[in-house]
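Paired with chain B in one complex and with chain C in the other, chain A is shared by the two complexes that follow.
Moving on, here comes the complex of A and B:
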């Protein structure tokens, strides 16, 4: 969880990063194959996300959302979160999209209704939420950088010096070692170890969340039982 | 590290390319003369009545939603199954509690009759 206080340094960090980017420019960037694929899938994700918002028909928005989910899965894979990438495709692009399409069909929205129900307040709320998400993203980026430094200093023998200059003091072996470590980071085994040892309590709470979902769907969508007229013939065994 | 994904990338490129290529080729090569009868929903068959956008019964939604919830339960079981031996008896208890909570939900759904189609 990211507390509210971390927003303020995050904003400062955002300004700093923007200034840095202007100063250094693109010439100093180290552009590899991994970077190429990252930018490819990032562009696909952002473009299709944009199309989700702007598409006229709800069905085409939903289908563009599938594209976004696939691009996100590819980015997860590039970040060596292998398990998460597979789950992203199976659950989000598969199951959740089926649900979205069902809801679109259930609601039976027509074009006129969609246009009528737009309200200026929704736009304002969307703007505020969007700003908050950008700040959250920057804050989590900053936090993840700190974690990276901590991991590097943890693997090094001379921890205090290495924390200061991790890139210079790391020998070739250690760089290789940390790369292998990074590649294994998101495998199913690693996820399992973290999930069932460190994050045991959130895991068990997730079951309660699922239980709430199960009860909620039944409560919301249950049809009221009609009383059968006395003359009707009941031919089912399970009729109550 | 990302080299192992090259086959998946190849498969994705081939499948998208194949689908796009077939659509494109049929558009370029196929002759088109659209008549009123040809553009109708069923060229031969029953005349369609009413809108295509029919409202669907809520039953489909219940099934889809319950499917997703139990699908996520199964997904939590995948990492557990892979590390089953290393996690030992404690891991077994952890998963038993997790499934136990969800069995309560299953019993609730069953008793409420949400699994019955009619």
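Moving on, here comes the complex of A and C:
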């Protein structure tokens, strides 16, 4: 059974990882320019994300969101996912933000409407879920480190039983290959290669999905002829 | 690469034939949109005819020209096996019957637009994608295509407040459920490095990026944990994906949207939602869950570290057991007190999702031929349910007199005296929904509950599944009361006044087809069942 006990090693591990980080941080300062920029943008991203939820005015929330998007784009670029970085700026920081600002402007929220009381239980649940996700996140970080170690020491490991795991060897090769070409994996060329080969079918299907959305907007927002009862002449623009 | 090699490559990865029904339906949708824009003022019946021809061609292609038994294409994104074929047929048939029902109904509710036909066709496209999808990404895109089309179809009566409410409620809650689904898919991808269902099943479902380092530094505690960490992601991902599907099939406790959405939507859309969306969601649910949580003895050598993963199947089994019991019971008890027939059918559709979930829960426990029988029973049940439920909604549409009149139970008083054939058709559908022989509903329930009983013979699971079968049968008995109530009104209560019930040709054809199939499946289920079993066998890559 999955029980609470299963999480105890996770928590223990979390503490251990934190201690580890402090120890390594103190003993060997192995800190390159890449690390510097990563931490810089990471701090900016986390800080502005925090401000998005805590800022009082919706407009400043939205503007902090822009900052978060830019910082994320910078981190993508550092991870050599260039294509993703550019798309992040174009689509999120550009198009989506304009949409958000329009919505905020059109809704025209008053200050008193913004202040709402939330039940304390909701906060408590949020806190617990947040902690659980942090445990997961750290565990996943540790996990990815582990894979790295394994690939480096490739010859040490026993070959997996191919009959039982036909996909394993393939996947190990994939990891190997992607590490060799890590610097190039996020280029436009690489992304488009995947997009128009393995993911060609979902890519085409996505266009169908967008078409449904467009038709939907037309159907829902199309102006209907309204029949008013005789004698009632109200010009909507004039009245307001 | 020599020419034959290129041909082979194209055949394996870009075989258009595998998605031909999908292309035909999508092209018909585009054609209908163009026709709507260019020939204004003409009767919409023409558009219905064009759509029906498109669906008919796709149906013929699916039935008689479906590619080989276990063919996957587009780099494993789609898989056209007998299972996919079965659910593609259900999607196409549900779409056709819905369009037939809508032809005379749409002008009555003043929302006779060409877009309606196109949206129904595109929703069918989404359902086909869910049937043939062999990758979580394709499944997600299919679910979204279908759902977004359904949100709009619910709100197609732009002037009616109830329709708007229905659409908005469905959209907000549906978007939330989709987010859970997508998050679950991301977690599964994070744990295993793939979204391909076939790869997930072949690698024992899990962690093939991780299993390669299984022996590496096994003695140190830290790595031991790190190695097993991915299984928590996997488990969380499975839970979230199940949550998303549970919403789409309207299972308790994610059923709250169903009554309001079903009541507010145009009746033909309600019927389409109740059968099409549910069948497609069950197709995806079965394809995803039956394979990827079954690890066999893959991790038995390291049972302690992988204990949560080994337990996953049993936990999921228990969850589905509980959800099935709650769904059946709550759906039936709520339906008892309804006075609006459309709302009653909405609650009854919740209960029917519960019966189908019984089969899924059983299939998780069994293996081999027994499992195929359980999955086949669910598929068969969904087919039977499509005809009986769309037929019942067809009669509700026929009784509609503009707006929402004609949906109340007392509107059916004395119907048998002035429209005996309509009353007889309604009687067939109600008997079938209640599960009384010789109708399709009886056979469907019989197969599902007998699968539950056969699972009860598995050592240690007797109480589990015998009780499930007993609860299911008790629920069926409860449901007889509210299904037979309209019949009492029709046959034994005299009408205060006769309502005008028009027998329009297309609508009558739809009801007639449904009646024929309900009786046909009920009397001679063998052919249908063997197709379902074939589909179930194709599912497990063996």
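In the analysis below, the second predicted complex is superposed on the first by the 120 of 240 C-alpha atoms of A that agree within 3 Å, B and C clash if a C-alpha of one lies under 4 Å from a C-alpha of the other, contacts with A are read in each partner's own complex, and residues count from 1 in each chain.
Note that in this section a contact is a pair of C-beta atoms (placed from the backbone, for glycine too) under 8 Å apart; a residue touches a chain by one contact, two chains touch by 3 or more.
The structure presented is a predicted model; accordingly, all values stated were derived computationally and were not measured.
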Which of chain B and chain C A:206 touches, first, second, both or neither: both
Partner chain(s) touched by A:191 [first = chain B, second = chain C, both, neither]: first
Touching partner for A:105 - first (chain B), second (chain C), both, neither: first
Chain B versus chain C as contact partner of A:139, first or second or both or neither: second
First, second, both or neither for A:215, with chain B first and chain C second: both
First, second, both or neither for A:37, with chain B first and chain C second: first
Partner chain in contact with A:77 - chain B first, chain C second, else both or neither: first
Chain B versus chain C as contact partner of A:95, first or second or both or neither: first
Partner chain(s) touched by A:87 [first = chain B, second = chain C, both, neither]: first
Interface residues of chain A shared between complexes with chain B and chain C: 200, 206, 208, 211, 213, 215, 218, 222
Of all residues in chain C, those that touch chain A in their complex: 13-14, 19, 26, 33, 74-75, 77-78, 113, 115, 118-119, 122, 125, 129, 135, 137-138, 141-142, 144-145, 148-149, 151-152, 155-156, 158-159, 167, 190, 193-194, 199, 202-204, 208-216, 222-223, 225-227, 229-230, 232-233, 235-236, 298, 307-308, 311-312, 315
Footprint of chain A on chain B - complex, ascending: 1-2, 5, 53-56, 58, 60-62, 64-69, 71-73, 75-76, 78-80, 82-83, 86-87, 91, 94, 97-99, 101-102, 104-106, 108-109, 112-114, 116, 118
Contacting residues of chain A [partner chain C, same complex]: 1-2, 6, 9-10, 13, 16, 136, 139-140, 142-143, 145-147, 149-150, 153, 156-158, 160, 164-169, 171-172, 174-175, 197-202, 205-206, 208-209, 211-213, 215-216, 218-220, 222, 224
Residue ranges of chain A touching chain B (in the complex, touch as defined): 33-34, 37, 77-78, 80, 83, 87, 90-91, 95-96, 98-99, 102-103, 105-106, 108, 110, 179, 182-183, 188-189, 191-193, 195-196, 200, 203-204, 206-208, 210-211, 213-215, 217-218, 221-223, 236, 238, 240
